[in-house]
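Shared between the two complexes below is subunit A, which has subunit B as its partner in the first and subunit C in the second.
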Partner chain A sequence: MAQTHEPAIVKSETSEGNDARIRRFLRERFGEAIRHEEVFRGDLQFTVDPEKIYDICEALMEAGGLDVRFLADITCVDWHGHSEAVHGRFEVVYNLCSLAHRSRFFLKVRLPETNPHVRSLVDLWHGANWMEREVWDLFGVTFDGHPDLTRLLTPDDFEGHPLRKDYPLVYEQPKFSWNENDPPEVIR
Partner chain B sequence: MAEARTVTINMGPQHPSTHGVLRVILELDGETVVKARPVVGYLHTGIEKTMESKLYYKALPCTDRMDYLAPMSNNLGYSLAVEKLLGIEVPEKVKWARVILAELTRINSHLVWLGTHALDLGAMSMLLYAFRERELILDVYEACGGQRMMTSYIRIGGLAHDLPKDFDRKVRDIIATLTARLEDYEGLLTRNEIFINRTKGVAVISAEDALNWSLSGPMLRGSGVARDLRKDEPYSGYENFDFQIALGHNGDAYDRYLLRMEEIRQSLRICRQGIDGLPEGPYRAHVPGVVLPPKEDVLYKMESMIFHFKIITEGFAAPLGSVYQAIESPKGELGFYVVGDGTTMPRRIRVRPPSLINLASLPRLVEGRLFSDVICAIGSIDIVLGEVDR
Partner chain C sequence: MGLEEKIPDSIILTTLDKMVNWARKRSMWPLGFGLACCAIEMISTFASHNDLARFGMEVTRPSPRQADLMIVAGRVSNKMAPVVRTLYEQMPNPKWVISMGACASCGGVFNNYAILQGVDRIIPVDIYVPGCPPRPEQLMDGILKLFEKIEKESLKDAREEWGRRAV
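Showing the complex of A and B:
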């Protein structure tokens, strides 16, 4: 039978303490890689060096006391045409959870307009696979080392990356594809 | 013919058991699945892009078109995210009403899941019973917002209208009816040998794997991980309610069935507490220029009418910054990542779709298993393709 469960930890006590722990951990281990740090409306956010994102996530995972085992989401923001774009047009956002302490924080990396790429996290989390495919599909950010970086939501022969701000809002690509990338047995 | 041991077949996208337009390319060795590759995107309509091209207020009706079986959860998640971005606090009555509606939505979504999942496995009568009870919940939606599915009832800063006069009676009716009928459902399925054989030990995922695959909701709790955002990151006043998290042991489809049945019970418990303690008060926050004034005032007060006009035509500017608000939707962690850039339209609205991220684990669930288990696995993940593809 399904059991019911009453959690013993109260959020308000542990979460803030854990935020401070995560901040201390990142400052000590990756002080030079942190470019910006802020708490906006209670959300703890770090902007870090894109070269270091894999190492930071790996270290967070392995640090026993922090318990950062859950990657909730990967997404991207396009700052095209905004003053924020001077820091880099694309902002990839990693949404991480510390389970036992019930706290959540965000790691962000800024990538340039030309050839935006960052190392894939699939080796750490299987869940990153589809999230990164979606970001590649909709924003055109390449994830180095991803085992299967193909389009997720749009067709295989789609041109462009529709969630970029310079992709027109009401532009359709009226095309018929024969799913060339499928195995030949499926097409026939 | 020694080399050709496997055969590749295509399942979907119009297969009835895929609950929409999901396509799976399966490589089979006899009846065993060697490789499964889900293909999604047939329903991709660019909802995130559409929302980014609208005023904050007008993006709301897009949300209930994603998970159309749980419209109120989507409304709630988006409203909470924008309220967090703007720093709005809503009245107590709104919080309580939202909790009741969100829990009714959970029951609604679980009932559809129960009916269709059982139908996939051959228990046809279950679908008829589940949809019969779901009508009662849709009646409440209709009384509240005027629509049975795309409700858009929960708005930024409050509710679209005040709660209907017979809300209390209707919700109490649902609680009484469902409490009795849940026994019937369990009588049909819980000890049904066919159902047990089709679900027990099928689509198993361990707690460790479930975390590594970023699963959430019943998929994660079915494996014994006690993660429920209503407890972990309470929103909308869930900390005031007394309820428990249902947990499974084995992480198989049968445990997830038991777990969802228990979740319906807990939701009924929350609804009862909510309806008993529902406070009086306004149904919208009073934030001039951001939250629409009540309709009664718009008709008689000049200032209210001006604010109404300005909010609808030019909207309100949100500060530069990003917030993430996640809620425990019936399917799992439904998150809204909203980025404001100082203008009246959002720079980015990212929906973390629990269905999509749970579906990514399908190959892990079915590879090495029998072909017929694929049907059970898809049903037990509980996906809505509107949310998967957006």
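Showing the complex of A and C:
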């Protein structure tokens, strides 16, 4: 069911082959955990069940032929107020790379609005430590099993999760002389 | 020109205020405190093309205890604000503050949760130099205006002035 758009970059033979290998590997081992698969502008992405993300990443690490051993980034999308939010408000995106085959693909998990939590990948990659702290700090997604889930970018006594869509955008309301009596609302 | 014409018989009449203010403004040591992009323009103001050493700012002291001018160059984040306040309090009197750039003066383009909207929320500022970043000539203009401000200071107001600034 993959939709292929025109790829933005021309991939070498090995990376396209690796895409097919990854697709085959994930479908065989974790077929029932994959909810959605897409190729968007040349990037392969899988939306998977949150409970299975650790097992999927562990299996990918152990499969030597694929050489998916580099976690490039963990980030998050807040779909609040968008029609996509029905599948889950928070979408945590894992950006995995294969250095030998020079390819990259994305694993995404959708989490609900109340108590969003997913298992931490710190046991597999030490680099996930600060990446998950950043997602916790800015979005409020809890990572179970993380050794030290504290604020990273905002001050320690900061309250709230600033990159959520319902956090106010501006610090001060813009004030001019012509709207003195009718200040603008905070931009949402 | 020259001092010899002005002191024909080796006697100058002046006031203590003028002597003290002249000494203070012509030997000011800035604290090396560049936070962000404005720091690059501050560095280029200290460099040889626009030379600030000719105004007496020969050395920038890294320690606040040895500095008398704090040029806040760059955006101050909310996490950095207590540090700025601590450094200001560690500077001994007399001390002056120049807020360089739009971010230090009023938050600049960053109107959000992370950036302090103007360093004058935490420390008293003498001169604001607008710009993003201000050119070296603009920063020098701000410093020269600070010199003009110092010329007007008086020792008899000193205790009250510096006592007020300590808060």
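The criterion applied here is as follows: the second predicted complex is superposed on the first by the 159 of 188 C-alpha atoms of A that agree within 3 Å, B and C clash if a C-alpha of one lies under 4 Å from a C-alpha of the other, contacts with A are read in each partner's own complex, and residues count from 1 in each chain.
Assume contacts are C-beta pairs under 8 Å (C-beta built on N, C-alpha and C of every residue); 3 or more make two chains touch, one makes a residue touch a chain.
Fair warning: this is a prediction, and the values are worked out from it, not measured in the lab.
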Partner chain(s) touched by A:E172 [first = subunit B, second = subunit C, both, neither]: second
If touched residues of subunit A are counted for subunit B and for subunit C, the larger one: B
First, second, both or neither for A:E58, with subunit B first and subunit C second: neither
Which superposed partner A:G127 touches (first subunit B, second subunit C, both, neither): first
Which superposed partner A:F70 touches (first subunit B, second subunit C, both, neither): first
Contacts of A:Q45 with subunit B and subunit C, given as first, second, both or neither: first
First, second, both or neither for A:R104, with subunit B first and subunit C second: first
Touched partner set for A:E37, first subunit B, second subunit C, both or neither: neither
Partner chain in contact with A:T154 - subunit B first, subunit C second, else both or neither: both
Partner chain in contact with A:P162 - subunit B first, subunit C second, else both or neither: both
Shared subunit A contacts, counted only where both subunit B and subunit C touch the same residue: 153-155, 162, 169
Footprint of subunit C on subunit A - complex, ascending: 153-155, 158, 160, 162, 167-172, 174
Interfacial residue positions of subunit C with respect to subunit A in the complex: 78-79, 107, 111-115, 117
List of subunit B residues in touch with subunit A within their complex: 7-10, 25, 40-41, 44, 46, 48-49, 53, 84-85, 87, 209, 211-216, 225-227, 231-234, 244-249, 255, 258-259, 261-262, 266, 320-324, 326, 333, 335, 337, 339, 341, 347-348, 350, 352, 356-357, 360-361, 364, 389-390
Interface residues, subunit A side, partner subunit B - complex: 1-7, 11, 40-43, 45, 69-73, 75, 77-79, 82, 84, 93, 95, 99, 102, 104, 106, 125-131, 134, 138, 151-155, 162-163, 169, 182-183, 185-186
